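After this come two complexes, each holding subunit A, first together with subunit B and then together with subunit C.
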Partner chain A sequence: MFASSWLILLFPLLGFIGLSWYGNRISRKLVGFVGCGTVGASFFMTLVTLSNLLFLQPEERVGQVQTLYQWISAGSFKLNLAILVDPLSVFMFLIVTGVGFVIHVYSVGYMHDDPEYSRFFAYLNLFIFSMLVLVAAADFFFLIVGWALVGLASYLLIGFWREKASAVLAARKAFVMNVIGDVGMVIAALVIFETFGTLSFVDVFASAPDQFRPNDDAMLLITMLLLVGAFAKSAQLPLHTWLPDAMEGPTPVSALIHAATMVTAGVYLIARCHVLYELAPYTMYFIAGVGIITAIFAGSMAMVQYDIKRVIAYSTMSQLGYMFLAMGIGVYSLGMFHLMTHAFFKALLFMAAGSVIHSLDGEQDLRKMGGLQKVMPLTHATFLIGALALAGFPLTSGYFSKEAIILSSYHAEMGNIVFWAIAVLTAGMTAFYIFRVYLFTFFGKLRSPEAHPHESPMIMVAPLLVLAALALLGGVLGPWVDSFLAPVFGHVAHPHDNALETIALIAGIGGIATAGLLYMVSKQRLDLFKEALAPLYDLLLHKYYVDEIYDYLIVRPTKAIGAFLEQKAEREGVDFTVDQVGLQIKEVSHVISLWQSGKVRSYALNMIVGVVTILMFVVFM
Partner chain B sequence: MGQEFVLLVSASIFCVGAAGFMIRKNPLIMFMSVELMLNSVNFLLIAYSSFLNSLDGQIFALFIMTVAAAEVVVGLAIILTIFRTRHDMDVDHIDTLKG
Partner chain C sequence: MLSLIIFIPLIAALALLMVSRESVAAIKTVGVGAAAASFALSLWLLFSFDTANPGMQFVQTFHWVPALHINYLVGVDGISLWMVVLTAFLGLLAVMLSFSQKEGLRNFVALILALEAGTLGVFLALDTILFYVFWELMLVPTYFLIGIWGEGRRVYATMKFVIYTLVGSLLMLVAIVSLTMVHYGATHDVTFDLRVLTLTHIDPSMQIWMFLCFFLAFAIKVPVFPLHSWLPHAYVACPIPALILLTGAMSKTGAYGFLRFCLPLFPEAVESFATVIGLMAAAGMVYGAWIAIAQKDLKALVAYSSISHLGFIVIGIFAHNGTGIEGSLLQMINHGIIASALFLIVAFIEMRAGTRNLNELRGLSKAMPVLYGTFMLIMLAALGLPGLNGFVGEFLILMGVWTSSMFSGLSGILVLMGGLSIVFASIYMLYMFQGSMQGKSDNQELTDISRCEFKLLLPACLLILLIGLYPKPFIDRVTPSVESLLHLEKTVNLHTGEESGH
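This part shows the complex of A and B:
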């Protein structure tokens, strides 16, 4: 039934290989066509798979493993090249290929003048392929393969402008952080194999509830190790520092990888392994706690940053925090719903920001923007829709998904008032910082006189419009997402609480109003405000000094240990020993070589004495 | 002629050769000493060939003479070359291979 689902993965792979080999020999137009076409074909196949899935009864939709062939068979260990087709993976396919396709089309316009156009599209296709491998994996092995490939694609794309030193450094940072997560994942997979004797999702999840009781040590260990990977990939505290730096990559990359798809892999992982997580309630609390702390932590940093992409990057971290909160309190389908709406409006915001940056010739500093409302009407309108959705303005998609999570953070079984309060506070901050960006960018006067802003070409605006429509109307999909994912997660209770909903709504609108008051009315008031809160402002502007703390706690001690080891262990230990072995052998052989006098007659004497000795020995002994 | 006599003559010629090789410094004299040693052995081989009624010893002696002749040819050539380059025939001075 799902035999053709393999094609979803195949198309982007072919695109990657084709563009890598022939990219420089074919015309730019064809490169763009291949790049977008493969992802589009993949999206089409996803729709086919989706319709096949919808033909089945809901309870038959889970656990459909499609095996291509048996790859490894060693004793009891078997590894199949297989994909898992169930509502969760198809849901992720839809987001990855759908949003991915739109962003590919946008990239055709955005990267139009880049000399390495085909390399960019090859990498983008590689990324889509890797992400699909990650999502389609039917066992932990291919999950990790996809996980690592995605990290590689992210590294290549962040460092795409390879002659820019800061981009290369950012790429390296992202890669190192992601590898920390990969290590956690690999150890987790080994522990799972040790515990269950298999790596297949279906088998592990089937046997786990019978084999373990909640909060057994093995479950806590496995879930926490998996969490290391999830936190690193999804930029949760304390492994978050790479995400803001990743904005050095081209803007479509930020939109695709660092907002819509890759960073949600951690959320997907928890959703996929929710059977294990439910057996480890302590880990669930930990996830919810880290999620909500990341949400407010990132949200507060976003309020003072001046780089337009950085603000949106911190916002991504903050929204991912919400998703982790949803996972932690066990409302998985709400988390996945927010993942979807977030993919729509965050990709939209990034691409609208990219459109602004494009028209200002690469300017990313908010202080040099302004007044673009008239020059770029379409970008302005779409950005506004994205901002409203992010702020959770009523009836936009963000409203439905975020409000539901906030409400569940109190009403769900594992929710409590602290989670709710911080979530509401963060919602207020979210509204504030995104409208701060909005007002800075589109209102007032243009603050860089030499720039000549213009509306972006149609190929960039059209994707914006598509995503704007989704961001605006995506909320109606909520009940469908819930029932579609129900075979995997079971149904979620939807509490209704008018008082709490109203408070959350007021927080959001209050944030928008505060931004308006501060940035629209008068400059002096803003300065007064800044002065009053100077220490806090400083702390936020320096991102809580996390990079500096890491520098002091990890980088410098590591370097000091390295220097110490180089001097003591390398020079005075290993090198000294090796040198001494050589020198001593030389000394000894020098003494022995005195015997070799070079005089024929003494050799003859030695020889005769030797022969005589041997003869004596033979004759008399 | 008894076997003791043959052995004694052969051993004393060999000892003269060996002593000469070690004592003299002139390479030509040393070569002659080597020949003495070889011939003492030849003498023994031939004598025993007749004692034991076997031709093996004589054939062996022929081989030794051939090898000795060849060795002298090469050796003399080397000595000649050394003399041409160094104008010195003292073997104790030729110690380039000293360790």
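This part shows the complex of A and C:
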């Protein structure tokens, strides 16, 4: 019944192969058509799968494994190449192919003048394929395969402009950091296999609750090791530093990979493995704690950055923190719902920002923007919608999803007042920084005189409008998401608490108001304000000096030890010792073999004669 | 059949010496013809191999030195099958690549063929003396290939390599002879047949020193840290066609020796030394990778990365379980493909840019898009990207180590060291790839690799994808032999001197 679901994965793969092989030989129009078409076809197949799934009774919708062939059988390790079709994977398919398709169409306009147009679409297709492998995998092994492939696609796309040194560096940083996460996942898979004798999701999750009691060592170990991967991919503390740098890539990449899809893989992982996580309540607290700390940590940095894309990148980190909080307190479907709305409004914000950057010929500095609301009315309107949704303004999609998480952070079984307070504070910051960007970009006067801003072409604006509609109205999908995912997660209680809701709402609106106020006060007063808070401002502007700390604590020592090992251990240690042994023997033989000519060839001859003699001696006695 | 695989290259090597130095066309025909024939036969072997049979197949034998019961005895099983195919394949590759050699082409090709024959012989020999002869036969061509056609400190490098290896192999010879004597003591039967010898139970204290003799010979050949110091010199000095055989095939003979000799002959000794060897191998994995990060010379970088990857293979073997050994065998194929392809790429880059120093290279991708694509794929396989072949092997090995009972509680640490070396692999591979291919380009006039050169890389690319997508057929041919290796029963007992047949 779900065999056709393989097609979802196949189309983008074919797109990638076709475009990387023939991309340079076909017209640009065809490249764009193939690039978008494959993802569109994939989206269509997702809808087919969805309707097939909805025909089934809710309890039959889980555990539909489609096996293609036995992939390996080595020792006790056996594995099939298979995909798992259930509400959670189909939900992710919808987001990946749906939002992915919209962003592909946008890219047709955005990358229009790039000389390596076809390579870009090939990589984008590769990314969609990899992400689908990640969410379709029916076992931990192929999860890791997808996990690493999205890392690869991300690496390729961050470093897409390969002549730009900063992009190359950022790509390497992202890749290495993600490999650290991969290794964590690999070790987790080893422990899982040792514990359960299988890597298949269905089998592992079925036997885990019977075999283990909450907080057993094995469960804590597995869940924590998986988290290394989740944190690396979703840019949670302390493995977050690659994400802001990843903004070196083209903007559609930021929208697709570093906002809507790939970075949410960590959230998906926890949701997928929630059976294991529920057996490890300590890990759950840890997730919630890291999530909420990342949320406020990133939110605070976003308040002072001047690069429009970096602000949104920090915002992504912060919103991911919310999703991790939701996972940590066990309200999975709320987390997935926020994942969805976030995909809508954050992709929208990135693409609207991309539209601005595009029209200002690549300018990303907020201080050089301004007054664009008249020249770019559609971009302005869509950005505003995205900003409102991000700030959690009532009745936008973000309002429903974020508010629910904030409320649960107090009311859920594992919630407490501290989580709630930080979540509310972060909500205030969120509203502040995004409206700071909004005002800087669209109000006042344009601060770069040579630029000639213009509204972007229709092929870029249309995707903005689609996402704007989803960002605005996506909230109504909340109950549907809840009941659709219920076979996987079970139903979630929806607490109501008017007092707490009001406070959160006030925080959001307060943030918007503060941004407006600060924007309106004179520059002099603003400078006074900055001076008063100088140490804090400095700290935030330098991103808490985390990059510098890593550089001194990890990067430099690693390189230094490498050089040291080569110089001391290798040359002066191992090599020297071996040479000394040889030299000493030579010294001795020198005394007794003064008659030798010193010619290398005669040495060689001697040696061969020697070897042959020994052989003859042995063989024929 | 098996003899043809070995002796076609060897006879061709001798025949080449009759050909005039000037007749390049004849040299090429004979060289490629012999290597291709050997490779074709190895493929035929692959397809007619009985997957379910764990024992030796295609056995050929005749008396060689009847007085001492030394026989010419060759055979193939799951453990050696892929190594034979790999060696024959790399031999063909090496011969084809060596045509770019300007001076002494005839002798160069002849030596390459001799090296190939020696390596094939090592993988196929079942008589211990025959094994030893082939083992030494590998050494002679290597000595001349590096010493005459090498670069830099070639004489130093080749002397070091030869002496180092000789020390090990002479000790092995002592152990080979005493092995037969032990068997003679038990059965009053002189034989050098490895299949018979593995059934002999050896006194544990005897096992230890005999094991160490064998181990040293193989560990130097692989090499296992800290016996590796010949490798960087030899690899950097070695001309690339020979290097392909050296790294792709010859380094596997050491690992193969562990599997063929150490594991079945000395089980108790293996058990008592496994932890130490595991630590040595793991140290080599991290050490090699760490030094690779500091390299600027691409050839040296790949050489050190080889030390790291070979450590993986050794640790999987001494994990002594099905997953680990099968992972190691797969990784032996993988490393043979990947390392040789990386050296090919280094050669292509050097031919064009005139340097292989990372400080002087950058931005080649613009001028060489085809090389860029293939290089990327091979680089990703080398750093163990999941989905490609390198990862399958590494994963199985780590799985084997993790579940192994041999490492006395240190499995976790060994796996972590493996993980660290994987992270380092991504760092040095990206240094290598990005450093040479990306960044501002200032070599616009360079030409991309030719169609012919691309064809040399193409098989590697296809295999990288194929093994990554569907490793089952590769593993399935290995499994029965590995299982029988792991469940070997010692039926000949020294003290009773009787066969206690089961």
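Just so we're on the same page, the second predicted complex is superposed on the first by the 570 of 621 C-alpha atoms of A that agree within 3 Å, B and C clash if a C-alpha of one lies under 4 Å from a C-alpha of the other, contacts with A are read in each partner's own complex, and residues count from 1 in each chain.
What we mean here is this: a contact is a pair of C-beta atoms (placed from the backbone, for glycine too) under 8 Å apart; a residue touches a chain by one contact, two chains touch by 3 or more.
Every value quoted in this text rests on a predicted model; they were computed, and no experiment measured them.
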For the three-chain arrangement built by superposition, which of subunit B and subunit C touches the greater number of subunit A residues? C
Looking at the overlay, does A:605 come into contact with subunit B only (first), subunit C only (second), both, or neither? first
For A:582, decide between first (touching subunit B), second (touching subunit C), both and neither. second
With the two structures laid over each other on chain A, which partner does A:57 touch: subunit B (first), subunit C (second), both, or neither? neither
Residues on subunit A touched by both subunit B and subunit C 600, 604, 608
Please output the residues of subunit C touching subunit A within their complex, sorted ascending. 65, 68, 70, 129, 133, 136, 139-140, 143-144, 147, 155, 159-160, 162-164, 166, 170, 173, 177, 226, 228-230, 232, 287, 290-295, 321-327, 330, 363, 365-366, 373, 380, 383, 385-387, 391-392, 395-396, 398-400, 402-403, 415-416, 419-420, 422-423, 426-427, 430, 434, 437-441, 470-472, 475-476, 479, 482
Enumerate the contact residues on subunit B facing subunit A in the complex. 18, 21-22, 25, 30, 91-92, 94-99
The answer for subunit A against subunit B in the complex is residues 592-601, 604-605, 608
In the complex, subunit A residues that touch subunit C: 20, 69-77, 141, 144-145, 147-149, 152, 159, 162-163, 165, 168, 171-172, 175-176, 179-180, 182-184, 186-187, 189-191, 193-194, 558-559, 561-563, 565-566, 569-570, 574-575, 578-579, 582, 600, 603-604, 607-608, 611, 614-615, 618-621
